[in-house]
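Labels run A, B, C and D following the written order; every chain starts at residue 1.
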Amino acid sequence: MAIIIDESTRVVVQGITGGQGKFHTRVMREYGTNVVAGVTPGKGGGEVDGIPVYDSIREVMELADASIIFVPAPFARDAALEAISGGMDPVVIITEHIPVHDSIEIMDRAVSHGTRIIGPNTPGILSADKCKMGVMPSHIFKKGSIGLISRSGTLTYEIVDALSRNALGQTTTVGLGGDPIVGLGFIELLDLFEADNETEAVVLIGEIGGNAEELAAEHIKQNISKPVIGYIAGRTAPPGKTMGHAGAIISGSAGTAKAKIEALQSANIKIAEKPGDIPELVKSSI
Amino acid sequence: MAIIIDESTRVVVQGITGGQGKFHTRVMREYGTNVVAGVTPGKGGGEVDGIPVYDSIREVMELADASIIFVPAPFARDAALEAISGGMDPVVIITEHIPVHDSIEIMDRAVSHGTRIIGPNTPGILSADKCKMGVMPSHIFKKGSIGLISRSGTLTYEIVDALSRNALGQTTTVGLGGDPIVGLGFIELLDLFEADNETEAVVLIGEIGGNAEELAAEHIKQNISKPVIGYIAGRTAPPGKTMGHAGAIISGSAGTAKAKIEALQSANIKIAEKPGDIPELVKSSI
Amino acid sequence: MKLHEYKAKEIFAEQGIPVPSGILVKGPEQLKELQHPVALKSQVLVGGRGKAGGIKFADNIDDAKSVLEELFKLKIKGLAVKQVLVEEKLDLEGAQELYLGFVEDRAAKTITAMMSAAGGIDIEQVASEMPEKIIKKQLQPGLKTLNPYEAREMAIQIGLKGATMTKVADIMCKLFNAMIVHDAVLAEINPLVITKDGMIIATDAKMNIDDNALFRQKNLLKDVDISEEYTPIEQKARKYGLAYVELEGDIAVIGCGAGLVMASLDTIKLYGGEPANFLDVGGGATAENMKQALEVVAMKDNLKSIFINIFGGITRCDEIANGIVEFEPKIPIALRMMGTNEDEGKKILKEHGYNVFDSMEDCAEYAVKLASGEEGR
Amino acid sequence: MKLHEYKAKEIFAEQGIPVPSGILVKGPEQLKELQHPVALKSQVLVGGRGKAGGIKFADNIDDAKSVLEELFKLKIKGLAVKQVLVEEKLDLEGAQELYLGFVEDRAAKTITAMMSAAGGIDIEQVASEMPEKIIKKQLQPGLKTLNPYEAREMAIQIGLKGATMTKVADIMCKLFNAMIVHDAVLAEINPLVITKDGMIIATDAKMNIDDNALFRQKNLLKDVDISEEYTPIEQKARKYGLAYVELEGDIAVIGCGAGLVMASLDTIKLYGGEPANFLDVGGGATAENMKQALEVVAMKDNLKSIFINIFGGITRCDEIANGIVEFEPKIPIALRMMGTNEDEGKKILKEHGYNVFDSMEDCAEYAVKLASGEEGR
């Protein structure tokens, strides 16, 4: 088992004819991902590495289940709405720096369609030895029983690598995405890992800002029986420039590494001091 | 029985402090309507004829069930959305000449909230001897067993008067409203009359333009067992100026009095030549 | 309110839709020089101006001036040509003509988008004979911008490919913006031309603005001259805010509410009369409105009688009565009045010697007899 | 991107929000005459300028000019005053101060509207001590215009009545328009003043524009001078599109991805070092980006070592390696590199004599030792 994607997932790549799209399509296929089609408006009828390119998601609705988006930020809203309306699920948005107002619309539409969005600005999702929809370096992953959820991209690789080197393979690894507004969060994914037979423990990688980790801690107390191991980046970061009065009014004192670590510890989650400490904490938990 | 409104309906008047609002509030109360509150933003705390005035629907959500709107067209969209979000049902929009784009938004919101809109540009709805939410001349109505649905305002009075003079009282009379885009239509109301124990027959008053009568005829064939008597205004009207090519593409040949009369006759509906003929046709049907 | 082609093209250009370069002239002397061959297009708000000789071409300034002389003498369906759009003439040999449009869809309670590869002057024929050649899509109600992917799906469906497909979709989105920004009930490009070297350009443009939204579209009213679209009587009626349609007969009809006025026309006809007009004073008419209505219908020559049919709901009979007695119509009048404040209204009228009917049919019959001279005046 | 008060007020005025009349001066000589007493407000993009003496008053032109002389010499939280907004001084005696604001709400994935009757400089204290005094409302995601009734409900909730309630609600709607039209992530008026004679006016204005939306807000970039908000090194970083935050230490840190860079800082600290900066080259960085990153961190004085921590996903290690060898850093470097195209990257670096770590912790420790002089350079 794994969560969200596996060997049966048929993937369409939106923006397949761009540099990143082309490169990562090849790398994803090498990992075993079943990439069935690409979409680039105006380039329909062509192909990339033998994969047929279409003008629209509508034309691939019967062929594909899930979409990964590489199109530039100004066009990402349109691509994502097209994927959602075409029934793709999940929709993985690699594109970074999408305007906030666009992301708000994307997430709202996704909720009303029941679509799971991963990202934007995510390294993607990878179910080890089954399917990769993302840009992570494939060779660091190893099949196993650890689920991993991360707000950070490259830090995820760091920790996956540490786990794999310590013979701790993974079920599924998910990057939530680094943009201010993203789709799936810790809570939805914790529930999926809780329900997944193969997953024995979950590693949760957070960072300063927002209150997602605090909410996750609360959720774990109530609903998650599997061991969770945490790491929070930004312990030594200087306090960021706040966004006018409004930022302070909305977020209050939440968002510091200290607050997050305390919240997680209060839910009996072991917190690593540095990424390299995580494998030991995992081993002692399972 | 009656449909949609009866003696238990608690009514709020939006725009109660305006000339029309004030006048018709008094007339509605004289008819027996339970007007419990008025709303005019900025005039909260006052009263009109002993009825308390509030600044918002939110403040009267517990007091009132249904709203009637008299505010001027530029503000009607806001008033209607406020009534819908405040849970009022039905919402009767007397205001005429609301911009089409505003009406589209009102009707969309109403559908998603399950709110029944009557109008805009409607004389309103009246359940004889029970409740009047509208501007019809009260004295022409008489309690009885005929349901009446009309696309026209004043023509409705004409026909109600003819019925009453011929001892044919009414259960509920509904004006659908004369603006291009309106809320409830023939079909929804036919179904309500079909289900209403007291209603023995329904009079349907249509006019040229659109295809509401044609769709109603189709619906009656399939779903309505009670006798329906029809009248279509505009038999001799010259063909209207069409709206560019697009109008012709959308509406095709539908919309003439001839087409409507034929459609209704094909559903075994008796059609009156002039309003004065309706009472005879009703009598011979029940 | 219909916009002239030149005005619609101005709006399209603001939204980034490619249109031919052109200038508007109000007389032949305003054309000073030509850089290239031109099309000279009469700006009248009726269809079929091409077939009526309202569109001409010229290769040089002398030809263009003499064509303009001609056009400014032309009447198209009764409308004098007062403005001509002089536009760069395009090479349309081998060009493809598309149809792009948006229209309010009353039944669907939203805007419907339309696109066809069979654009041009025969689009209405296509609509009735080969409706499958026109792609229609009902848009999400309340949409403020058309999603490019939705426009592309339509462009793909009409058979476009490659860059042409994406460019046409982009124009479709901009056309929708024009519709939304200006409260239009109709916006269409017919044809959108794709020349054989791939240039895409809107060679005709139509926009109808929602009359009910003009209060927030005041800038569009600035250079509107309604004298073209309407007869003098219709202009007067519009000025007063009255719904008026001119007809062929000799019995003026005034009523409150479009349905009642239509039924009044139908009834006049049933009794053998010929209505001279349709006039709806609207709901809640005041004495002043009623006076204005009488002033408008009285403008027509050869009027034989006036049928006034009022069933007051939001309209109060006393207001109507006051309007009638203040105007003192010179033409014989058949008067029917019921409804709100009926007693007060009837009292006023009787005090001034007017007879008032209760039955619409009886009153219509009387109006017809007045017109035929059977009843004394 | 934060906007200056004067710019935000320009935008507010375009939307119809009442603001005091004023002019922007860039030097005392630009002020020619005064019609009335004025407030002179330093235009700096930091909070607390009032307490720092950045806001003064004057009754006549001579006083005003000498105040301006003073202000243009002032530094507020390290920022030189380069522009002063000279505004009509209002009679605020007995006035009420409201707070109106909109902000992107990451957790709710929408915009949250806020209103309070306790506006003014202490609003943050109100937020933490009496949060019930601030009304918050999460708006429907994707809303393009705020419905007036929603604004009125908030105004009623903070205790406003009558015409003041409707006017404040109207300003709230206009503030939302400003937010939407300009892709703001924050728009606020604090305070919105209601004078004792009922005049309503926005005496301060804040707007932050979404940096990610600047591609469609180019007109806002026209008169922006980033030299004020940022240090010279930060300006260079922004020019290159690099995320850079200046810190106090002596070990430069470069990484790809904010999380990894933060973890790198944390690890440097764990080993007793002091980071000199935070620099994220971002995803998919090229050799050129890497060169620019090195150029930026090297601008800082007293740098002892550079810690480069790359775990390539979308970033390719060979690009990073090429950037490093092309720049040839003069300062000792601790280099860690893994991930996409790792072998190619390591090969390039080894050919140029660089030692590459696999472990982030080991490399961080090495960077600290380099800085302390424990390791040879």
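Here is the rule we use: a residue touches a chain if its C-beta (ideal position, glycine included) is under 8 Å from a C-beta of that chain, and two chains touch if they have at least 3 such contacts.
What you see is a predicted model, and the numbers here were worked out from it, not measured in a lab.
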{"item": "Touching both chain A and chain B (chains)", "value": "C, D"}
{"item": "Centre-of-Cα separation between chain D and chain A, whole angstrom", "value": "27"}
{"item": "Distance between the centres, which are taken as Cα means, of chain D and chain C, whole angstrom", "value": "53"}
{"item": "Euclidean distance of C-alpha centroids - chain B vs chain D, Å", "value": "55"}
{"item": "Residues of chain C touching at least two other chains", "value": "none"}
{"item": "Multi-partner residues of chain A (each touching 2 or more other chains)", "value": "none"}
{"item": "Chain contact graph, described as a line, ring, star, complete graph or other shape", "value": "ring"}
{"item": "Contacting chain pairs - touch in the sense defined above", "value": "A-C, A-D, B-C, B-D"}
{"item": "Contact set on chain B toward chain C in their complex", "value": "20, 24, 27, 73-74, 94, 96-105, 107-108, 121, 123, 134-137, 140, 150-158, 161, 178-181, 205, 207-208, 210-212, 215, 231, 233-238, 243-250, 252-253, 273-276"}
{"item": "Touch list for chain D against partner chain A, complex", "value": "99, 101-107, 109-112, 114, 123-124, 127-128, 134, 136, 141-142, 180, 183, 185-186, 188, 190, 206, 208, 210-213, 215-216, 245, 247, 255-260, 262-263, 265-267, 269-270, 275, 278, 282-284, 310-315, 338-340, 342, 359-361"}
{"item": "Contact set on chain D toward chain B in their complex", "value": "147-149, 152-153, 156, 161-163, 165-166, 169"}
{"item": "Residue ranges of chain B touching chain D (in the complex, touch as defined)", "value": "41-45, 55-59, 75, 78-79, 81-82, 85"}
